[in-house]
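Look at the two complexes coming up: chain A is in both, with chain B in one and chain C in the other.
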Partner chain A sequence: MTYLSRSPAVRRGAGIALALVAAVLPLFASDFWTQLVLYSAAAAVGALGLTVLVGLSGQLSLAHGFFLAIGAYGYAYLGPGTGSPDTASLGLPGPLAAVLAVAAAGVAGLVFSPVAARVRGIYLGLASLALIMVGRQVLADARPVTGGAYGRDVPVLDLFGFHFADQGPYLYVLGVPFGAYDRLWYVVLALLAACYWFVRNVLRSRVGRGLRTVRDSEAAAAAAGVDVQRYKALAFVLSSVYAGLAGVLLGLLFQHVVPEYFGLTLSVQYLAMIVIGGMGSLPGAVAGAFAVTGIPLLLGQYGGALPFVSSSGSGGLDSGVVAQYLFGALIVVILVIKSHRRVSA
Partner chain B sequence: MRRALRLTAATLTIGAALACSTQPPGGSGAGAAGPGVTADAISLGYLTDLSGAISGQGRVNLAGTRLYVDRLNAAGGVCGRKIKLVVEDHGYDVQKAISLYQKTTPNVLGYVSLLGSPQLEALKGRITSDHVVTGAQGWDSHILSNPDTLVYGTPYDLEMVNGLSYLLDKKIIKRGDTVGHIYWQGSYGEDALLGSKWAAAKLGLKLASVQVDPAESDMTRQVRGMQAKGAKALLLSTLPTQTASVASVSSSAGWKVPILGNNATFLPQLLTTPAAGPVRDQLYLVTSRLPYGSDDPAARRITTAFEKAKPKGVSPEDGINVGWATAEAYTEVLKRACGSLTRQGLEKALRASTDVDTGGLLPALDFSTVGAPPSRGVYVSRPDPARPGGLRLLTKNLYTAGIAKQYKTPGQG
Partner chain C sequence: MRLANLLVDGVSLGLVYALISIGFVVIFRGTRTPNFAHGSMLVLGTYLIAVLHARVGFAAAVAIGVAGAAVFGFAVNRLAMVPTRNAGTDVRGIITIGLNVVLTAELTRRLGADILTSGDPWGDATLHAGGLAVPVSRLAALAVSALIIAGFVLANRYTMMGLSARATAEDPETASLVGARLRRVSDWAWILGAALAAVAGLFLIAYPSPGLVAGTGDIAILAFPAAVIGGLDSVGGAVAGGLLVGLSQALVSGYQDRLAFLGQGFDTVAPWVLMVLVLLWRPHGLFGKRPLYRI
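Up next, the complex of A and B:
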């Protein structure tokens, strides 16, 4: 198995097969599955960023949700506007707004990175917590930009007259109506693939080796001629750019963003993704994103079919509660199995 | 290998181009009955929180709704059909709520209840474009401007307008006094603040306000602040636990200040905590539904149904009446749509409903104008451990302040 998966021909074949399946899936899958994959794929972009930061450069961040918020709200504010009287918009074209929102997240990461140069490990994690606090207050108070507690609508992405996430122009493929999620499908998956490819190449380059050296020993890295502070800042910027992009994508999927979503829980969920997938592993981050995002949705959808579980609210054990137990148990099981593997490898 | 690939790619491109079209296949085939409507049942959605941050409220409300629906179905249902509730638990998660909304929408005519203001905000656009008549399990007056959403009673801002007027009427405070509003960060508190600000200006009162975080449980700082500002009464738009803290902190300092809470500030469980005394002595509550266990036919039928069914894990409290009232008001609207049980039919029936009657459980509700509050009156009550729901009515009838009629909600501009 290991040999096979390392042979380039097989890998390329598998890649092409995966791409083909992905290309036609929205035609066959129900809305639920399309949506599950889309939410997970958008989260995977964010998880890739976090795994570079935490797994590869060894900087613990609890502020990932903050950078996601910058991406989502940034795009909504810079973009074409939704006609809502409560929130302002700059009215830039969608794609430009998306690029600028992602850049803004990157700049925020750059601004915060000097803090990362000063403190390490758990202390850095606590320092990054401040960003979440600041973010929450800003989201609640900067009303024209964020809409306050009510959140704000996210404009649809409009590319050369074709609306993503909207119905115009109406499109039918093989007789299947091509809805909002089907349209975003290709944008999100293409971006995930591009992000994956880019970060993989970065990690295989000098930069990637430099980052790993910094993680393992800053003194050794400095002795080998690696500019430690610059590398750490680079990891922070890269990770926040990825978080910003994930924020833009999630905003497009939600069509409306609310401040509650971007709290500490979200940051912890992203940490869970990369821990489940294995710190620093890129396929692991993607798999972790699918597990953390997909499992609760799956249990919500099919939880009622589990034995001993009553339908919601009719007394007895609720599927929602069971879902939470199951999810917790799954994380423990995955971690135990994984740590075994690491020992034997 | 390369050629084969190119060939495949070309075939796929052509195939894909041929498969695309901007015309819908076949006819549109709109039937007479809307989604979720069969010959003997109407399915209605119920999106709530049974496992997350506000699952306590979600469970109690759902129990109340079930009591009403069971009674209705036993009596033959509505429009010659039984009501089938499609309950889904979003666990206060926005992402899950969107997913569950999409799961249930094709199979339900409308939603009796959607709990959680972030969830409602996130789904607002979809609800409007799908024309699904949806009951909001919240009383934020901002919701009123959504064309397909109904609010079951008097919104938070008008509760505060009435409450302040009541305190003045009863000479608990007087003109020129300072009142302090401690309110939640978020739609519940901020909407209530709109009302208290407007009413204070109108009634010649001075208003001081302080925002609290939903997670804060110790209100010492806020209470001391208000005492320093010389407040003669405190207004609360908070959680019951925060109410308990406000009451005990102020009374332990010897400051027996009257407290006016709106909507969700009280739970009967508070009367079994050490804060029971101060809560009983200081709190006034304004909401637009009859308290649980009141001596009124509209409330008594709920008490009877509750004691007969004894739903598991739910105690008798205000939330039971909320759940019952939502289902009853929604059913009353549904009755007017019996002739055309479609989404459009229900939408039309909603806007044609000017006098939805729940036997006095809620004020008469007028849904005819988008943006306008369905009702403007409140019931004023005080904690009373002797009553089954822990509340004793002070006003036999609805209390509607003179100025409440002039108040304009945010949607009315």
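Up next, the complex of A and C:
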């Protein structure tokens, strides 16, 4: 029996419908929902990278937040200045700065990949913690680049004279003001679609098969002629490039980035995304990104309606803590149930 | 003189890290699980001690705190680790990351901005000898870790449980074929590891540290580089790694004036840099078991 969802025509139709809905949604959705989708979609780019690294090539990394930071701060530093006297900028055009920032994240992944190639399994997970710790120190010290503890503003993206911000030329579409988030909407979603398409094709190719073999058995992969070190390094670079792009996009959306954001908690959140969606699954990574990004925002917006959630500082459980419980519990429950099934099957 | 003082400082701090990472290593040896929740389990045990000591006295509070952590460790093993015993090391590690998120959120919420003390009998007493100063709490840590390590060595060699644990660490499948009870071995690994975390926490929050705060778990995370430097499955390595971490921290912060180019607060990063360097040299730590093949 063929499932309806496996028929190519149905899938193509669903894809086109999804694209059409996405194309008009910012005209109707409220700012809250537009932002929720945007933050989630930017995070989904990062989650796609991490699921390739952890789920498909089997290298545990807790350093994803570090590569996001390189993307975000790389763009902010290289891009056009924001006029703030406390932080430096190289003043390159926005698109060029974004590309260079993503490349910088890839180079950072390449620099760390000798460690990744030499150090295996859980030693690698613990070694990647070092990147986060060193990164935190560097971000705090490199004050002209990062703005120190208070962070820095991220310049507006400017494409051939078109500003992705609430500024001229002012646009109205169907009588609705077309602001910064509406403009970024198309950039972020198009990039997410491109990233998804690219990584899906990579995984269907020789490279993807090689990575899966490395994950299942390095010895078998080497015997079959897969260059294990090179493939592991490749997965690391691919994942850090995706993290860097996610960092650029999040920086553009936040418009202000603080070093504290890019800590261990962020890496754990990305891990939660790919676990919740099912490790190694690309649609799962996107769904996980929406869950992990959306839940705290929804709790913050509508949590007041829940009986046990209170606003922060009033003594009860605030929505941030509830979101933490949820992530943690989801990670544990999903993995325990899944691994348990694998045993009994 | 400065160097001598720093060395004494580093060794005494390193002993506390060693104590934390011994617990981490015990769990890893017994169950092939990197316990990323070790820091929050440490805070859990220490929190119980800190909350209860005023009511029931120091000794009883320590007993309850250690027992509480041990029960928690046992529960983690039975509820999350035994069901996933056939899953990979990474997956089990990620499960403990999830546990850590929940436990840290709860303990941080309870601690808030408080600074709790354990009510230990050493207080801020300090021994002075020939220009060197050592807090008494660190001497107590030395005595306790010596006792614990001796106990481990003896139990490993002379008890049936120790034999089972060693056999399981070598090869779980073969060990279970010749009668090692894997579930009991993993039970004890988690119970002992968690209990050790509570004991280590007691010394981590003792003088010269101000006390138990919401950030104590972030300091306990330095047990990871300590365990990795020593090699994750070597108890002796954990002690060596702990001492190296303590020394690297003390020396870097002591010679801060000459290391200004590295930026302020590099002492918190030094153990991590040391860990990466050690891993590049020996990918399984100084005393860790190496795999039989090389690719």
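The definition used in the following text is that the second predicted complex is superposed on the first by the 303 of 345 C-alpha atoms of A that agree within 3 Å, B and C clash if a C-alpha of one lies under 4 Å from a C-alpha of the other, contacts with A are read in each partner's own complex, and residues count from 1 in each chain.
As a working rule, contacts are C-beta pairs under 8 Å (C-beta built on N, C-alpha and C of every residue); 3 or more make two chains touch, one makes a residue touch a chain.
Given the structure is predicted, the values throughout are model-derived calculations rather than measurements.
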Just chain B (first), just chain C (second), both, or neither: which does A:V258 touch?
-> first
Considering only the touch criterion stated at the top, classify A:L335 as touching first (chain B), second (chain C), both, or neither.
-> second
Would you check which partner chain A:V321 touches, where first means chain B only, second means chain C only, and both and neither mean what they say?
-> both
Name the contact category of A:D31: first (chain B only), second (chain C only), both, or neither.
-> first
Now for A:A140: first (chain B), second (chain C), both, or neither, which partner does it touch?
-> both
Partner chain(s) touched by A:S205 [first = chain B, second = chain C, both, neither] | neither
For chain A, what residues appear in both contact lists, the one with chain B and the one with chain C?
-> 140, 321, 324
What residues of chain A sit close enough to touch chain C in their complex?
-> 54, 58, 60, 114-115, 118-123, 125-127, 129-130, 133-134, 137-138, 140-141, 218-219, 222, 228-229, 268, 271-272, 275, 279, 317, 321, 324-325, 327-332, 335-336, 339-340, 342-343
Going by the contact rule at the top, pick out the chain C residues touching chain A in the complex.
-> 34, 79-80, 83-87, 89-91, 93-95, 97-106, 109, 221, 224-225, 227-228, 232, 263-266, 268-269, 272-273, 275-276, 279-280, 283-285, 291, 293, 295
Residues on chain B engaged by chain A in the complex (per definition of touch) = 5, 16, 19-25, 46, 48, 50-52, 58-59, 62-63, 66, 87-91, 93-96, 98-100, 102-103, 117-118, 121-126, 142, 185-187, 190, 311-313
List of chain A residues in touch with chain B within their complex | 16, 31-32, 35-36, 39, 140, 148-151, 153, 169-175, 177, 254-261, 293, 296-297, 300-301, 311-316, 318-321, 323-324
